[in-house]
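Next up: the structures, one after another.
Heads up, the next two complexes both have chain A, just with different partners, chain B and then chain C.
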Partner chain A sequence: MVREIENSAGIPVVQIATIVPIMLTVGANRIVPGVAIPHPVGDPSRGAEGDRAVRRELLERALRAIQTPVEEQTIFTS
Partner chain B sequence: MTRRVVCYINQFFAGMGGEEQAHVPPSARPGTVGPAMQVQSLLGEEAVVVGTVICGDSYFGEHLEEARAECVRLIGEFKPDLLVAGPAFNAGRYGVACGDICSAVTEKLGIPSITGMYRENPGVELYSPKTFIVKTSDSARGMKDALGAISALAVKILKGTPLGAAEDEGYFPRGIRKNFFHETNGAKRAVDMLLRKLAGKPFSTEYEMPVFKRIPPAEPVKDLKNATIALVSSGGIVPRGNPDHIRVSSAESYGVYDISSLDDLTPENFESIHGGYDRVWANEDPDTVLPLDIMREMEREGVFGKLYDNVFTTTGTGTAVAHAERFGQEIGERLKKDGVDAVILTST
Partner chain C sequence: MRLELHKVSVRNVLWGDETKVERGTLFVNREEMLSVAMKDNRFARAELEFARPGESVRIIPVKDVIEPRCKLSGPGEVFPGFVGGMQTVGEGTTLVLDGAAVVTCGPIVAFQEGLIDMSGPAADYSPFSQTNNVVLVVEPVEGLDQHSYEAALREAGFRLGWYLADKCRDSKADEVKVYEMGGPVEESAKYPHLPKIAYFCMSITQGLLHDTFLYGADMKHLVPTLIHPNEKMDGAMVSGNCVSSCDKNTTWHHLNDPIVEELYSRHGKELVFLGVIPTLEDTRLAGKERTSWFNANLARMLGADGVVVSEEGYGNPDTDLCMNAAKCEKLGIRTVIISDEAAGTDGKSQGLADAAPEITAFVSAGNVNEMVELPVMDRILGYDSSISNLSGGAEESLRKDGSMFVELQAIIGSTNELGFSRIGARWI
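Coming up: the complex of A and B.
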């Protein structure tokens, strides 16, 4: 899905998920590793504020990813 | 000793009806129904078709667990030595049903199973490692050939005849490699292959490499402050009650939901219906999968221009690659038309 959206729309798609090898396999070009399979963009164990902070950081990283020129599949770890 | 065979077919091939009967639950009939009659005549003296189990394609797809359990039970009651399902040709739901039942019967009853499908049937990719899927044409016009190939393979298996390579036997590879002594050594075979390649002659590899599609990365967003960003997710987050009946697994559809008036996803307005992960956290706060709250916050702060008015969601578990690709193409075309600049896609 990620690959075909990018292909048909011609716009960058950043995928946030936890199992990086799967994102590499399906052909995502911009990858942000998520927190956990059941809550990729949050961490409920850190309480409401901590959860939001984790989500904010991941989304800021995702926004950096879509502004970054890449030549090949790239994992944005920070 | 005469061996016992059970056939599985859908409501259409049982002569019950088309789509309007696709909801019928599993049932069993003694002896042969529909294509099972031809299977019996092709098996001849080698085996007897003792029963036929029938289930509607939609019923199977929509009640996967119950349908599978009930079909395995009904099939088991006939005490078969082998199951023949379909053939399903290029019918997606039927193919998935045939593949699923074959896999379950082989696993739970410990007997071999055979079905038949066209190469593009999503059932091939899902189930070819778990059962024998004979290659067929794309429609029931190829019934005669399909049943001939299925029955020939059935006889071989029932007699315990050693099988050759999948390619030679006419079924989709199961991902099994068998060791054997070749008459020529590897070095010679490799050079022979190279010479054939150089001469432009056909050759076949002895070790298939997986093929993953790749696309060149899209150009980055230049002006984030004025960019429209869309959220997409395969994490199964949908409005409460799942109004579009997106499947909990093996999804064949996605939903488009207007979030233009929402600032936050809560257990009151959204939920997770994904069948492939523990939904406790997603149901307490769907933002942990589909992060609307923080996206709205950043939109308000002017970090980026605008959050696109709709989210697209489906469940990414057991979803056929062909379906996922179609979702992506349709979503991509819509986003392009609506001038969206980038996508954040979350997956579980």
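Coming up: the complex of A and C.
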């Protein structure tokens, strides 16, 4: 889906998911590593406030990634 | 380490006044066994039923299958950490009711449970259509949370498996199988010219009712370790899984692990069997990296020339599988992986979610998405409406007449990745 949206519609996509190797295998171009499979975009083990901070940081990182021109598959770790 | 399995053959199961085996028939005292099941205040009700090979019976939803075993001698008790105390197992003698099984069933615990048909087309896909099953159907007390319910049903299975074997402990074995092997240092010295092979037994350890236990310890909190193959036969590893039924390793599978059996039979002749490494499938990428490094390093320290890697489940564990193989191969340790495939109903999609160029030997256990037609059965044990919530099933799977059209993954053990099934795949 990530590739198809980029190829067919020309809309850049950033994928947030936990298992980076799978994203590399399937061909995602902008990759933001998620937290864990049951909760990729948050971390409930850090309590409500901590969870919220993790969510915000991931979202902002994804928004930065989507605006960044890339030439090859790129993992945004910060 | 020497373990004798005293196998008492069971070819039929009937109710009786006393729980015992007589000339191949397992008699079960229903009241007594029920009282063992109900030794848990988390059950509101429990029933026991039989399901025999060839009968028109469907069991749904199945949580676990347990082969009845108990220790006759030697340290510890089977299913350590649950039934017995806390002592290492795998030595002495163990009684096995060969051909009998306890099947645990109840209103759905989690969405990835499955079914067993005792006859018809689905019977060919599950080893448990060939066993004489004592089926425990429970109803949890109202308001019981899912995790407690899973634990209650899991523990009941072990308790009943032990109970049946214990009541038959005076029976004469029809077959005695001896499993004797030292540790990796001793055995490697004995056969210096044979290739040394370890076995990674990958297990679902992902929480949310997807867990495996080693000596009672929840494996998701452990790092990979080494056990003697005999320990597996005494129930050191047990299932706490509600994972996709086609490729979950039930407790029965762990007890009868065909990879252990095959490596054992070749030990000292074609290879040196170094031991079993029970390993994890973590939910975090860092956990997958840590686990696979531990595995590769353990294999290297054991002096392994090769490793057999089996998977449990599919999807994200495919990454663990790739990492385990790739890291070993990079260290010069040859690997073969055993996995099923989620290749779509037409079989045309990519089989694994991940890939690694280092993987050069892959044994496929079949396509979980293959569709199968299941005819009406005369008797349903459990709750057939639960098919709409099972992996491989959908709301429209159960037709008005009671027949079903489901993916192979709804059938327990159909694409088992220890290779305990009748199907496979080959390149064409």
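Definition applied: the second predicted complex is superposed on the first by the 78 of 78 C-alpha atoms of A that agree within 3 Å, B and C clash if a C-alpha of one lies under 4 Å from a C-alpha of the other, contacts with A are read in each partner's own complex, and residues count from 1 in each chain.
Simple rule for what comes next: contacts are C-beta pairs under 8 Å (C-beta built on N, C-alpha and C of every residue); 3 or more make two chains touch, one makes a residue touch a chain.
The shown structure was predicted, so the numbers you read here are calculated from the model rather than taken from an experiment.
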Does chain B (first) or chain C (second) touch A:37, or do both, or does neither? both
Who wins on chain A residues touched, chain B or chain C? B
If we overlay the two complexes on their shared chain A, which of chain B and chain C does A:63 touch? Say first, second, both or neither. first
Kindly classify A:21 by the partners it touches after superposition: chain B alone (first), chain C alone (second), both, or neither? second
Find the residues of chain A that appear in the contact set with chain B and again in the contact set with chain C. 18, 22, 25, 37-38
Where on chain C is chain A touching in the complex? 206-208, 283-285, 288, 316, 318-319, 322-323, 353-355
In the complex of these two chains, what residues of chain A are touching chain C? 18-22, 25, 33, 35-38
Residues of chain B that touch chain A when the two form their complex: 212-215, 217-222, 224, 229, 232, 234-235, 277-282, 284-285, 287-291, 293-295, 297-298, 303-304, 314, 316, 324-329, 331-333, 335-336, 340-348
Would you mind writing out the residues of chain A in touch with chain B in their complex? 1-18, 22-23, 25-27, 29-30, 34, 37-44, 51-52, 55-56, 58-60, 62-63, 66-74
